[in-house]
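These are the structures in question, set out in turn.
The following pair of complexes shares a single chain, chain A, combined with chain B in the former and chain C in the latter.
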Partner chain A sequence: MRIAVLSGKGGTGKTLVSVNLARLAGNSHYIDCDIEEPNGHLFFKPALTQKEEIKVKMPVVDHTKCNGCRKCIDKCRFNAMAYIYNKVLIFEEVCHSCGACSLLCPEKAISESDKVIGEIQHGTSDMVKVSSGFLNIGESSGIPVIRQLLKQKTGTNDVIIDCPPGSACSVMESIQDADFCLLVAEPSIFGAHNLNMVYELVKLFNKKHAVVLNKTMEGENPSEEFCQTHLIPILSRIPYSQEIAKQNSDAEIIIDTNPQYRELFAQLLENIKKELAI
Partner chain B sequence: MKIAVPVNENHIESGICPSFGRSPYYLIYTTDTKDEQYLTNPAANSQGGAGIKAAQFLVDQKVNVVLVPRCGDNAAEVLHAAGINIFKSQGESIQENIDAFEHNKLAVLDQFHGGFHGHHG
Partner chain C sequence: MKQLLILSGKGGTGKTTVAGAFIKISQAKAYADCDVDAPNLHLLMSQHVNPEQKDFYGLDKAIINQESCAACGLCAQYCRFDAIQKNGKVYQVDSFACEGCGLCDEICPVKAISMTPCIVGNLKMYKAKDVFSTAQLKMGNGNSGLLVSEVKKQMKNNKPENTHLAVIDGSPGIGCPVIASLSGVDMVLIVTEPSLSGMSDLDRIVKTTHKLQVKPAVCINKYDTNQQISNKIKDYCEKEGILFTGMIPYDNMVIKAVNQGRSIMDYECEAREAIKKVYQNTIKHIELTEEK
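And then the complex of A and B:
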C-alpha cells in the first residue's frame, strides 16, 4: 500500500509521522517528496547506495537560423519566450520543458539542452529503503524531481510518501498514485484552516483519507471539530510532548526508544489498514 | 513619444491598475498628437508568464515609456531589452501621471518583484 502523508502547512509533523510509520512497517520504502527541504534522511541516516541527477530540457535558439516567424512565442502556453530586436529571449524559470517550441520551429532553429535541477539519493536504513529528492536552490518547480522519485519500482513493500507542505502542484504530484492520504493537523484555528485546504485536495482527487491529530493537549481542538463536522476518521492522536520535541530535534526516531510511541504508531498503521480494508 | 499605462477601464477617468501583467487594458498615449488609445491586454488571463506576454505586446505597439506602480522582473527584462524605460507612477490618476511624466517629475522604477509563475503555495 502507498500512504501519502500531507498537511496544509509546514511543521505539523508530516515527517515525524512518515518516518515512524516507515520504520514501524519494517520492510518499507520511505520517499521524501518534500524536495525543497527534505529532512527524513536526517532521521534515517541511510547508507547511500545511489545518486541520480534530475535534468529537464531547456530550449536553445540558434539565432542564425531563426527567421523571426514567432511561432514558438505564440504557441508557448506558459509565455516563457519573447521576441525582442530579432532575438528570442527565453525565461527558464517560466519554461515547463514541454518541447513545443523546438517541435514547431519551421526553421529547426530551436534545440533542447539538459539542465540539472536537482538530485535523488537512495539509501537504506535498517530494513527501510530511503529515497530523497533534492531540488536545487533557486529552481522554481520540483515536479520533475517528484515524478522521478515516484517512478521507482517498489514491489510489494509498503510505501510512505512524505509530501511537501500545502496543497499546490507539488503535493498533487506526490499523492497521485497514493492508495491512502493521511492528513496531519495541529490543534489551532490556523491548523484547522490548513487541514481544510488538504481535505479539499484529497476530496478533489477522490482519495481515501483520514486524519492524525498531532500536538494534542487539553482544551478545544479546532482540527478535531473540523473532522467531526466533516465526518473524517481520526486515526491517531499524538500528544503535545516536550520529550517528542526533544527527540525529534535530535533527529531520533521516537519509536526506536519509546515503547509507548511504538504502540501508538502500531495502532495507527493498523487503523490505516482497517480504513483500506486490508 | 508613446507612453503606455496599465489601466482598470478603457477611459481616462479610470485608475491605474496596480498589476502590470494582468491589467485589463493599456492606455497608449502619444505625446505629439495627444492621442489616447485603449487596448485590451491579451495577457490579462494568462495561466502564467503574463508579465512577459504583456511586455511583448507593448514592445510590438512600439511604446517608448511605461508608467507603472510596480513591475515584475521578467516583464522588466523584456521591456529593458527593447529599450523601453519604466517609470514609477504616483497615485491612481492617469492624467496626473502623464502630466507628471511630461514635466520630468516621475522617477525611474528600479526595483522589481519576483513572480509566482503559477506555483502559488
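And then the complex of A and C:
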C-alpha cells in the first residue's frame, strides 16, 4: 500500500505523521518528496547505502556551426535564450529542458549536456528503507527529483510518501501513484483553508483520502468543522503537548519512547487499512 | 519604496502571523501575499473593498485535434514531460503534466496540435488607501514563479504615492516561487523555529538568499519550545554573519487571533511585544540598505 501524506499548509505535521507511520509499519519504505526542505532523514538518521545524482538536459551551442538564424530563440517559450553580441546565450535557471531548441536548430548547432540539479540518498534505519530527495540550492524545479524518487521498485512493502507543502505541481506529482492520501490538518483557519485546497486536489485525482487532526487542543477546530461539513473521515487526533513538540523538534521518533503514541499511530494505521478496504 | 520579504524555508513557522503584524505596525501602504500555492494573508487582513480580479494565464498548453491526428505517436515519443499518452487508439495531452514547450506542435507532421491559452490562477487586488495584492494558483499547476512575479508587479504598479515600505509574505521552500519572490527585494526576514528540521531548512534558505544576493535577517518564533536549539540558531547566525532580530515566545493567543481573522497586534500578549521588538530591529536595518 502506498500512502501519501500531505497538508497544503506547511508545518502541520506531515513529517511527524509520515516518519512515525513508517517506523510503526516496520518493513516499510519512507520516501521524502519534500525535496526543497527534506527533513525525514533527520529523524531516521539512516545509514547511507547509495547516492544518485539527478540530472536534466541543458542545451549547448556550438558557435562555429550557429549561423545566427535565431530559430531557437523564437521557439523557446520559456524565454531561456537570447541573442547577445552575435551569440546565442542560454539562461539555465529558466530552461525547462524540453529539447525543442536542439531538435529544431536547422544547422544542428545545439547539442545537450547533463546538468546536476539534485541528489537522492538511500539508506536504512532499522527495518525502514529511507529515500530522500535534495534539490540543489538555486534550482527552481524539483519535479525530476520527485519523479526519480517515485520510480523505485518497492516490492510489497508499505510505502509512505512525505509530500511537499502546497497544492501545486510538485504535490500532484507526489500523490500520482498513491493508493491513499492522508491529509494532516492543524486547528486554525489557515489549516482549514489549506486543507480545503488539498481536499480539492485529491478529489480531482479520485484518490481515497482521510484526515488526521494534529495539535488538537481545547476550543474550536476549524479543520474539524471542515471535515464534518464535507463528510471526510477523521482517522486520528494527535493532541498538542509540549513534551511531544520538544521531542519532535529534537528530531526524535516519538513512538520509540512513548507507548501511548505508539498505540495512537497503530490505531491510525489500522484505520487507514480499513478505509482502503472500503 | 523598500521591499521586505518574509520567508522561512520550513513551512508553518509563522511567516503570515509575522507579516500581518508588520503590516499593522508599519501601517504599510503596500503589501502582498506571494505564497500563491497556499495564500493565507487575506484571512488576517480584513478588507473593506471588493477586489479587482483577473485571470492568470500560464503558458499555452497543447491540445490534440483528434480529427486530424494520424496517431503516429511522434509527439508522445519526443515529449520530455510524459504529458502525451495513448488511451486506446487516441493520443491525449495531460494538461497538468504539459509544461507548454510547444515541441509537439512543431514536430507534428499533420499539424494536429494547437497551443491553447490556459487559466492557471487568479490574481486579486484590494485597492483603497493602501494596496493589497494576492493570488491563488489553481491546484496541480506549475508556473507559480510567473504568478509570483505578477503579484509583485501588481503591487508595485498600484502602490500609493509616498509608499516607503512594502511587506511581502512569501512561500515555504527554496524553489520556483521563492526564487521569484526574492528578485528585487531589499531585505529578507527569515522566520524560523527551534527544531532540527527548522535549522536544516534555515541553512538552505540562507544559502538561497546568498545566491540571489539578497540580505537575510533571522528571527525565531516559538523560541521557548526548545531553548537549546534556539541558542544554536543564534550561534549559527553569529558565525554566518547574519543579522539576528529577535525571539518570539510560543503564545496561545496567536492561534486565537488567527481564528478570529485578526492580527496578533490586536491582542495584548507576550507574542505581540516580542514581535514589536523584532520589527524595530528589522526596520532599522532595512532603512540602512540601499534601495534596489
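Keep this in mind: the second predicted complex is superposed on the first by the 275 of 278 C-alpha atoms of A that agree within 3 Å, B and C clash if a C-alpha of one lies under 4 Å from a C-alpha of the other, contacts with A are read in each partner's own complex, and residues count from 1 in each chain.
As a convention for this text, a residue touches a chain if its C-beta (ideal position, glycine included) is under 8 Å from a C-beta of that chain, and two chains touch if they have at least 3 such contacts.
Only a predicted model underlies this, so the values are computations on that prediction, with no experimental measurement involved.
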With the two complexes superposed on chain A, say which partner A:Gly123 touches: chain B (first), chain C (second), both, or neither.
-> neither
Thinking of the overlay built on chain A, is A:Pro46 touched by chain B (first), by chain C (second), by both, or by neither?
-> neither
Should A:Phe91 be classified as contacting the first partner (chain B), the second (chain C), both, or neither?
-> first
Does chain B (first) or chain C (second) touch A:Leu103, or do both, or does neither?
-> second
Which partner, chain B or chain C, touches more chain A residues = C
Tell me which partner A:Pro59 touches in the superposition: chain B (first), chain C (second), both or neither.
-> neither
In the overlay, answer first, second, both or neither for which of chain B and chain C A:Ala168 touches.
-> both
Where does A:Ser249 make contact in the superposed view: on chain B (first), on chain C (second), on both, or on neither?
-> second
Please work out whether A:Arg77 is in contact with chain B alone, chain C alone, both, or neither, and reply first, second, both or neither.
-> both
Residues on chain A touched by both chain B and chain C 77-78, 93, 140-141, 165-166, 168-169
Given the complex, residues on chain B that touch chain A span 43, 46-50, 52-53, 55-56, 59, 74, 77-78, 81-82, 115, 117-121
Could you please specify the touching residues of chain A with respect to chain B in the complex?
-> 73, 76-85, 89, 91, 93-94, 140-141, 165-166, 168-169
Listed in rising order, chain C residues that touch chain A in their complex are 8-13, 16, 37-38, 40, 43, 59-60, 78, 80-81, 96, 99-103, 106-107, 137, 139-142, 144-145, 171-176, 178-179, 193-198, 200-201, 204, 207-208, 211-212, 225-226, 229, 255-256, 258-259, 261
In the complex, chain A residues that touch chain C = 8-12, 15, 36-37, 39, 42, 57, 75, 77-78, 93, 96-100, 103-104, 135, 137-142, 164-172, 186-190, 193-194, 197-198, 200-201, 204-205, 219-220, 222, 242, 245-246, 248-251
